[in-house]
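What follows are several structures.
First chain A sits with chain B, and in the next complex the same chain sits with chain C.
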Partner chain A sequence: MTGSVAIGPTDTKARATPLAMNKAVPRPRVNGRAIVMGLYLLFLMLPIYWLVNMSLKTNAEITSGLTLWPQDLTFDNYRTIFTDESWYSGYINSLTYVLINTVLSISFALPAAYAFSRYRFLGDKHLFFWLLTNRMAPPAVFALPFFNLYSAVGLFDTPWAVALAHCLFNVPLAVWILEGFMSGVPREIDETAAIDGYSFPRFFVKIFMPLIASGIGVAAFFCFMFSWVELLLARTLTSVNAKPIAATMTRTVSAAGMDWGLLAAAGVLTIVPGALVIWFVRNYIAKGFALGRV
Partner chain B sequence: MTKTVNNRAWFFVLPVFAIVAFSAILPLMTVVNYSVQDTFGNNQFFWNGIGWFQDLLDPSSQLGERFFDSLWRTLLFSAIILMIEVPLGIAVALAMPREGWTVALCLVLMALPLLIPWNVVGTIWQVFARGDIGLLGWVVNRLGIDYNYTGDPLDAWITIIVMDVWHWTSLVALLCYAGLKSIPDAYYQAARIDGASRWAVFRTIQLPKMRRVLLIAVLLRFMDSFMIYTEPFVLTGGGPGNATTFLSIDLVKLALGQFDLGKAAAMSLVYNLIILAICWVFYTIMTNVDAQRGRVEA
Partner chain C sequence: MTLVLDGISKKVGASVHVDDVHLTLERGSLNVLLGATLSGKTSLMRLMAGLDAPTSGRVLVDGQDVTGWPVQRRSVAMVYQQFINYPSLTVYENIASPLRVSGVARSEIDERVRDAARLLKLEPYLDRKPLNLSGGQQQRTAIARALVKRADLVLLDEPLANLDYKLREELREELPRVFAASGAIFVYATTEPSEALLLGGNTATLFQGRVTQFGPTPQTYRQPHDLVTARVFSDPPLNTLKVRKSDGAATLSTGGQVPASGPLAGVPDGEYTVGFRAHHLNLEPTGTHEITIPATVSVAEITGSESYVHLDAGDHRFVALVPGVRRLEPRSPVTAYLDPRRLFLFDEDGRLASADPSQKAA
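Now for the complex of A and B:
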């Protein structure tokens, strides 16, 4: 289905030259672009299709042979997840720390990004690189010390531990993205507002933030994304009360033997929040991926 | 844009500095602390000086051999990933439709793999590539190719690489697409008047305009592929044997599996320094490109 969607009169040249085409013998034009795009999307969607397909089958059907669509359609796998607390609390835990992290990262990063985009100060370049290096540090390095640290301060197994730990890579990223967007706003606006008698906090909230609203949206999207997909730290810093869904998935399944259908259904449900978020920011995705620097 | 010098800007940066330092400097000091000590369990630690580092950097010792094996494996993986994903990403970005509702649809579908939790990515491919219940494994086996990613090292590598291409090519493509979108139409019109070929347009207009975003793409892809952990861990668990034990998998095995804190900490530090050095090179190139562009436009 996805293959056919991308094919269409998208090439502006093809649309602009209908007369030239009528003169010659009408020959089916091969649209190379649509083919590349179609094949790529097909490649992306196949594994996801297979996951959805499996989530709607019974285990007997999955193990008995290969079927391209569920012969014996069942929603039992989803019903299990929505009724069993050990399952759905995983989703609530994950969403909790992701949201805390996003709010924390953005509110801390906003003033810092402003400072980086407007002023030069002692050690600014070094500080910026140091921040970025934390985005580059492998979480595997930090897993064990984090465990010690958060146990020591009594945050272990709370959403706050995971949210704070994820700040390590999300805050630098948010600063980087927001700095890019803020540098696109001319300085004259700051100066004019000051002359008009705006105090700095009022200027920042009333005038400046609306101007970079899309940047804030993009930064929030990235924080959401990286916090949602990360598992190593989230799993290390939680045991029972704040266990993320992705960890619930691996443990429960291996304990109960391989319940493929349930595993697939849980997998599908972890894709849903991401898909929703993408839909809301689809018009900013391209710019955001360039971190505001295009 | 010229910036004014104002050291009070530090007050704005202070909260970020504090929150990142809490999560970065304190744990880092713990790692440094462990790296110079040896432990026999029971929370008893003994001073070991730079012994672990000597072992680690000496390929003839047991620890050093293991470290260098994982390091080459990881570097090879990063190199292969970059060689596949960057050209493919550019091709996909060039193939994006120009306008209409298909643009949004393509963007959303392309971004989808990026927002799947990493262990679910591993699970998806674990299932998809299985010979008995997975579509890919089943089809490949039916074609008469003997394929089994849990038994054969080469198959395991291919599966992990295809998985990573599936997972991350969209990031490169979206970045390149953002770069392409910023090219004014006038450039293409001028090229058409000059009678430039498709290839010439790509070489002289599109590629230079994408250079900046490509650098970001290469930087992000290098960092993330060099510290890949979750996906191969779920898919192969580092096996068969040690064939897909990348540095971070090895590190976690050492630290949490064997509880060899001293060795693991020393390894963490060296690993971190390697990443730091490579990223510093990328970062310097990037800021230089920035500065050049600033001069040209000013």
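Now for the complex of A and C:
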């Protein structure tokens, strides 16, 4: 502050010169903000547009040259995905393990987060931090042990294999998010409910969960998102019966070469669930990224 | 019911929150817990409610040992200083919640909720969510919930501290009246001596987790058994000075010597602490045999019809509450007058050595 005051006079002088020039040579007004924003949106939307664009073209058009919009509009790619079992089963498999994982993660994280939020016990802070360190290891580290373990117990190539494996990353995240939301609820509410006569389970479901509903939504969203986009574990732990859509997409190089249009359509359909889920929690996402601590 | 706290203590780590408290609270009585912040009022209430278990000692309800019983099994209602309601429920459902849990018939719930709402002037707001109400209305909702339950033990932990002046006056008047009909043991925690006096009933003074005295409020106020109780139950703070009594005369720590009259007459020679309340220190002589203390004015605060005059006398700082508006210049010399009959005399251990038995201080 003091610095800018000290250089004040020179500062004004320096600014005075271009101002005077501006007066002498009038130029058309340029809205700098609109340009920056426009470019930002353009770069942001371009890949998505290109994907949608490709999905509505024929392979011949895609490979023949650059067209900004489909010259020969076709929905064949989407039709293939919705009718060919090898395609749509990928979505079903993915959704199955994602949903199992989300439900598991939230149901384990709720009581854990409550304990971290409300009770003091030996090593609670260390345990709480240790949970998060699970996210610091790359999934590849766990791929081999999981593969071996699940093969041994007969879970390999089932939705449960992937769902359980993803819990390793999602339960800690959900605990952290939910703990933040729970700590925002005054402890006195718990006590008032106990005084009113609520048993703990009844209080938890009827009073407490509605109070952290947005937190549960955000935590579920993060679990869904991670599980939906995770490829490595999902592909390692499945082969045929539980093959996720992301794996299906990476393996589609047929004898006829790449089926570009079909892949693009699959890509578009893969974005849709995430976009739908994000719509429901759009108002709480920021708080979720801050792990509920805003 | 009768609630008996039999030597209960609560320790958390190395710190003692409640220290060996013995209290007997009778059915239908109004009891005030008076003490400064962190004196253990809330901890004591939580032990009474059963939200915490005491480290040692027993809690007896009608002679039955309920120590360690979960709060759900006890007949307790509690109101916190913060306005605690269920934000997701309407005011009506908030008030109804203890009745719903205990399975009271729907028609009776409705009747009792509406009765409580009428008593606490909440009728127009029954369909609203608590967070859309003013602080006073939120606290009324919490009080109504405590009321409908018809609990045997009603605990109010500084319920009015977060309300503005006007509402506080209003609710303080209503509260004992509202709960009087229920025959419950009513416990009210406050930091303000004046609130205890306005509520009446019994007062327990708390200091560092100990109950220093328990008895009818006016008696506790007028006849404190020790210096700590007198300090807790004085606002503005109790004025104190040291005296040394020898050969029928008393030497004051502010300088000067006075004949040993009043309570000083009846005690053996030795060192004592003299305590007196602000309204017993006058700036004009009001009678004979008064102790005179030369002092200088530090600050004079005017509260409408009365003035608090802060005085420096030697190393001591006294507060005098004098009637009327007194415009006194800082550092101007004055003489303070003190009727020896108004003194509390405490021995070196802080126990009351003597007070004039005829004392009717108010």
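In this section, the second predicted complex is superposed on the first by the 253 of 294 C-alpha atoms of A that agree within 3 Å, B and C clash if a C-alpha of one lies under 4 Å from a C-alpha of the other, contacts with A are read in each partner's own complex, and residues count from 1 in each chain.
FYI, contacts are C-beta pairs under 8 Å (C-beta built on N, C-alpha and C of every residue); 3 or more make two chains touch, one makes a residue touch a chain.
Source: prediction; values computed, not measured.
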item: Superposed partners chain B and chain C on chain A - clash or fit; value: fit
item: Partner chain(s) touched by A:P111 [first = chain B, second = chain C, both, neither]; value: first
item: Touching partner for A:L73 - first (chain B), second (chain C), both, neither; value: neither
item: Chain B versus chain C as contact partner of A:S183, first or second or both or neither; value: first
item: Chain A: partner with more touched residues, chain B or chain C; value: B
item: A:T133 touches, of chain B and chain C: first, second, both or neither?; value: first
item: Which superposed partner A:V103 touches (first chain B, second chain C, both, neither); value: neither
item: Partner chain(s) touched by A:I195 [first = chain B, second = chain C, both, neither]; value: second
item: Smallest separation of CA atoms, chain C relative to chain B, angstrom; value: 8
item: Chain C-contacting residues of chain A that also contact chain B; value: 186
item: Residues of chain B touching chain A in the complex; value: 1, 3-10, 12-13, 15-17, 19-20, 22-24, 26-28, 30-31, 91-92, 94-100, 102, 104-120, 123-125, 127-128, 132-136, 138, 166, 169-171, 174-175, 177-179, 181-182, 212-213, 216, 223, 226-227, 229-230, 234, 247-249, 251-252, 255-256, 261, 264, 268, 271-272, 275-276, 279-280, 283
item: Touch list for chain A against partner chain B, complex; value: 2, 5-6, 8, 10-12, 32-34, 36-37, 40-41, 43-48, 50-51, 54, 62-63, 66, 104, 108-109, 111-112, 114-122, 124, 127, 129, 131-146, 148-149, 164-165, 167-168, 171-172, 175, 183, 186-187, 225, 228-232, 245-246, 249-250, 260, 263-264, 267, 270-271, 273-275, 277-279, 282-283, 285-287, 289-291, 293-294
item: Chain A residues touching chain C - in the complex, by the definition given at the top; value: 186, 188-189, 191-199, 202, 207, 210-211
item: Residues of chain C that touch chain A when the two form their complex; value: 49, 51, 70-72, 76-78, 80, 82, 84-88, 97-98, 101-102, 142, 145, 149
